[in-house]
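The following pair of complexes shares a single chain, subunit A, combined with subunit B in the former and subunit C in the latter.
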Partner chain A sequence: MSKRSQFGRKERVFGYSIIIPYIAYTAIFWGYPFVWMLILAFTKWNFFSKPSFVWLDNFLKMFTDSVFLQIILNTLNFLAYLIPMILISSLLFALALKKVKFGRTFIMLSFLIANVSSGVAYSLLFSNLFAVNGPVNRIFDALFGVTIPWFSDPQLAIFSICLIITWKFIGYYGLILYAGLQQIPQSLYEAAELDGANGNVLFWKITLPLLNPSLVTVTVLAIMLTFGIFTEPYLITGGGPMQRTTTFMIYMYDTAFKRIDPSYATTIAIVTALLSYGLVTLIRKVFEREVSFV
Partner chain B sequence: MKRVASVVMLLIFVLTAFSVKLTFWTAPNPYQEEFWKIMVTQWNKQRPDVQIEVQTIPAAGSSEEAILTALAAGNAPDFCENIFSGFGAQLADIGAIYAFDNFGTDFTKLVQTRKMTSIIEKWEVDGKHYVFPIYSNPMLFWWRGDILKQLGYNNPPRTYSEIYDLSKKFADGKKKFTMQVISGRNWWDRWYDFITYYYAATGGKAYIDTAKRKANFGDATGLKIANFIYTMFQNKYTAVELGTNPFYTGSILGKITGPWEVNQAKDTFPKVVPNIWISTPPVPDDYPKDKPVYTIADSKGLVIFSTCKDKKAAFEFISWVFSNAQNDALWIEKTQMPPAREDLTTNPVFAKYMEDKFFKAYSSNVPYAVPPALITNTIDVNQAMSTHLVEPLMYLKGKPEDILNKAVKEINKVLF
Partner chain C sequence: MKKQEIGAYIITFLLIFLAIVWIYPYIWLFISSFKPAEDIYTTFWPKSLTLDHYKFIFIMANRFERPFVRAFFNSLFISTTVTFSVIITSALVGYAISRIKFKAGRTLFNFTIWQMLFPGFMFMIPLFVLIRNFNWLNTYQALIVPSLTSAWGIFMFAQAFKTIPEDYVDAARMDGANDFWIIFRVMFPLAGSTASIVGLFTFIGIWDNFLWPLMVMKDYNKMPLSVLLASFNHEYASYIGPILAGSVIQTIPMVVIFLLLRRYFLQGISMSLR
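On to the complex of A and B.
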């Protein structure tokens, strides 16, 4: 008896009616762009004429493109600030949240507001806050007699943008870590305390190792976030100073819509995706540990 | 009588049913939208055979993005305004727009009727005209006349030395700065700082030789400008970020802007507006006093796409709008921006607008406003100018002369 006959006509129709919307959705919104992306990467197209086949030219162009190479360094620079800043601040937030007895939901929601705020709105807000004659610098000037070039110095500009992104994501990533903390059985702490472990030991020997899955999740999300930075530098620094805050996304956008070169922009997108995937795989391989609470 | 009316109605119905329907995209700006809606309503009443539908350029990161996406998707409009000259050159390069020269003498006549014979010359791409200029905004400097008066001035500073003198009296390097010297960090900001200063200091000389594809600004005048920017930053007479509305709060005394800011300033800062003095961009000390000072034109125009269903009909509409000076008067009323015509100060139709000090200042400078170089790689040239010229000057990374020379080399690489 063939497999097909296991189901009646009605059942088959029902089955197809359930999967067809998904297949159609995937074909239109995933399959079609994916095929189009592959076509673009190996052709030269200008939005108007027919694409002309150029083999690997778009990929080879990247090796001699000094801006692209600069952006790779910029991204590493962003990662060097953003990952520790996000991990430490989210962990502190999660640990603090665990200690709070009243109004926990309110605090969580308050921090999540930053996450749902408009990128354009808060970028303008921070740009004014950190201006040379803005409120932050006025306080610094009044207290210490100095002003800080938040967005004018290359390293400080990267740091300042990381600060804004950390502010935006501290609530979201903090909740992931908080959920991880909640999973650690209280009995482990109690047993360790009976053995004479102090707070320091509890944190380094129990909390941190058992929080590994959540910490790795946050790290992976933060890496993907770094590869996708766009609004903040686009609006605040315009990719400067000295192109040090130019990101892959800014370069893709400008290349596609300002330089009218969507083929090269697509190639950059593919390579960016591969780079971020490679880094995520590496991080998981090095830091991920299996944790089980038995 | 009833029969005649029925026949007329039937005729209108038939004409409308078989009429050409053209889609026209306008700038996402309420003032311009209002102007075009009035024009199109009048036209549609007169010409049931050519019906035009006005739509604003769809919301996107920029007008360019919206237009390119529409071109790719095959749903571009028939014709569109709000096209910056550089983008026009790019669209012409990919064959997406139709040259007005194809309309032959009708186009020449329109140019003559609208008094824009000299203006149109600067919009030429490879010997053809793909963009019909609508308005030309000369970028001018606004100064805080009230504060300048307190400091003992009766006129805004004209030369670099005068700006240094003023700075010594006003700037403290922390809260107060003389002027906004650099317009911003984005690639388009170079039009409103270095390129503007270059036009001003050279009597409108091209900063890029488009025929030889090389930079012209590595000359003695370019060096004077580089020294000016460097000196302003070195002495903290200006800064990179100046906060919100520094001009209106009195943190800076001067800044460059276009006429689009007039209505907004009148609404938001009515007390400051009467005290604003307007001037051309600053020039080197040896620039002759009797010579006109040129500036950059922030100008935009109209294009007909190659995919337009009826190019002749689109041109007829454009011709109908711009052959009548009254329509340009309505444009001024709605948008406060000077139409790209050379007779603004002499044509009696525009006389009443000359009573407004802002409009008078901007329209008097239309003949001295030069658009940016019409090259296809504007963004890369301007970006290189930011990275290799303006930013090193702002951050005092080397001697102005070395910075300028390196920038010229880098930009020549981009152009080559």
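On to the complex of A and C.
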């Protein structure tokens, strides 16, 4: 008994000796920035002078900041393309992957390799591939006699960037849905087929409702992703045309380092996080269902 | 029944076709980096192959003060250091908060979960302020030290260690093993897939990181490849060949590590569901 408790003490000492350095590290590289984040949000500062307290001015400024309001619209515009594109294509991918007869590993790897690609490399790659006189437009020109201004028309630019992001994430999200599909018991389908249900009914009454947790997961991941878009528009369109592809992250970066206003930039980051968190909560409230296989 | 069979084969061929479409950009990138500049946009199959773009990257670019080779090794150094540190610290802290029964451990476990709720971009400007106060701008520390631990990695290891039966630890203790031995010789091998997942995602995340190094690194000699490539593209956009060759070099390590650890990547996806 006494040996056991002595042993527990030794163990706790070891535990503390590990977590105390970790807590010290976290206090410096997480706690200190956390405090600075709060300070910056309520002050005015230009990196050099002493921060001056301005109450809620940074937050109030957003309501009259036309660029910020434009970015909210841009983000909604991105979401309007990206969420349906990603959900439908990765669902189709997952459903098709279940039916595949051979070559499943090759298919999965090809789609996943897009996911581990480097943001900088593929942005440069696509900006060349889809350039006005680039290879893709040459194919379109030869086949249909038209060229498409992929990145110079505002709506098309948003659509093209969404296309690239879909290219990147369909494999990853598709496999999340595929794993969800695997969890639906086959017996449910067999029972429903005995009752005379056709393929359509099976999909809408069994597959889709039971896939709800995975579908919500993918939607939530895609929303958080959309609020964090930076590399693609920064390198491909530079936020243009007419600031229509400017995202929260680009604006945060520009505000901090081009307009030398880190306090407003931090406020933008906080509000961006709150908006994304709010939208995620809303989506979960509306769409999330309890699913259990009994 | 027969109709379904045919349908399944059609779907298979369609998906294999799409899989090729999906890697087509990579194929185009790879082939184009060996094509003479005037052929890059016009022909798919190269009429002649050239190593000019790679020669430019490896030799000429130094004269433009864009040391690509050095940037590649900078990236490699930064990513490997961070990856090893994250794996080791995550295993240690994960062990402490999941296997040792003490109150501080449980509190820390809840804190790491809470930490994961905050997206990284919220901390970027304040962290920049901290790095600036340390006088670490334009140093390797700025790119390495803030990423040395990971709340997500700790969480992953804690979850994995929880499932290992106590008997293993007791048996090792009987044999006189100390805590470090238990963590790295007993627990760690049993959590091999977790270690690979944490390592893979950390390496890819750091290698591909763009916004943070863009903020803290202006010194061309210490830049990671991602930022150097972007800055080169910004100033010499007409050098399409070298840009594509640089993109190939930037992509290769990620593809290699992904292909090596692909089994764990798939496990990681099903794990993220729970």
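Brief remarks on what is shown
The definition used in the following text is that the second predicted complex is superposed on the first by the 266 of 294 C-alpha atoms of A that agree within 3 Å, B and C clash if a C-alpha of one lies under 4 Å from a C-alpha of the other, contacts with A are read in each partner's own complex, and residues count from 1 in each chain.
As a convention for this text, contacts are C-beta pairs under 8 Å (C-beta built on N, C-alpha and C of every residue); 3 or more make two chains touch, one makes a residue touch a chain.
Please read these numbers as outputs of a predicted model, since none were measured by experiment.
Per the definitions stated earlier, placing subunit B and subunit C onto a shared subunit A by superposition produces a clash between them. When the two complexes are overlaid on their common chain A, residue A:F257 makes contact with subunit B and with subunit C alike. Put simply, more of the residues of subunit A are touched by C, taking subunit B and subunit C as the two choices. Look at A:S49: by the touch rule set out above, it reaches subunit B but stays clear of subunit C. Contact with both subunit B and subunit C is seen for A:G134 once the two complexes are overlaid on the shared chain. When the shared chain is aligned, subunit B comes close enough to touch A:Q243, but subunit C does not. In the superposition on chain A, no contact is made by A:L282 with either subunit B or subunit C. Residue contacts after overlaying the shared chain place A:S152 against subunit B, while subunit C stays out of touching range.
Of the two partner chains placed by the overlay, only subunit C lies in contact with A:A269; subunit B stays clear of it. Clashing C-alpha atoms with subunit C after superposition occur in a single stretch of subunit B, namely 59-67 (options considered: 5-13, 41-49 or 59-67).
Annotation: subunit A residues 47, 128, 131, 133-134, 138, 253, 256-257, 262 touch subunit B in one complex and subunit C in the other. Chain contact summary for the complex, subunit C toward subunit A: residues 7-9, 11-12, 14-16, 18-20, 22-23, 25-26, 28-29, 40-42, 44, 89, 92-93, 95-97, 100-102, 104-105, 108, 115, 118-119, 121-130, 132, 145-146, 148-149, 179, 204, 207-208, 210-211, 214-215, 226-227, 229-230, 233, 240, 243-244, 246-248, 250-251, 254-255, 258-259, 262, 265-266, 269-270, 272-273.
Of all residues in subunit A, those touching subunit B in their complex are 46-49, 127-128, 130-134, 138, 141, 147, 149-153, 237-243, 253-254, 256-260, 262.
Of all the residues in subunit B, the ones that touch subunit A in their complex are 61-62, 64-65, 68-69, 71-72, 90, 94-96, 174-175, 177, 184-187, 189, 239-244, 246, 251, 377, 379-380, 383, 386-387, 391-392, 394-395. Those residues of subunit A that touch subunit C in the shared complex are 8, 11-12, 14-16, 18-19, 22-23, 25-26, 28-30, 32-37, 40, 47, 93, 96-97, 99-103, 106-114, 116-122, 124-126, 128-129, 131, 133-135, 138, 167, 171-172, 175-176, 179-180, 213-214, 217, 224, 227-228, 230-231, 235, 249, 252-253, 256-257, 262, 265-266, 269-270, 272-273, 276.
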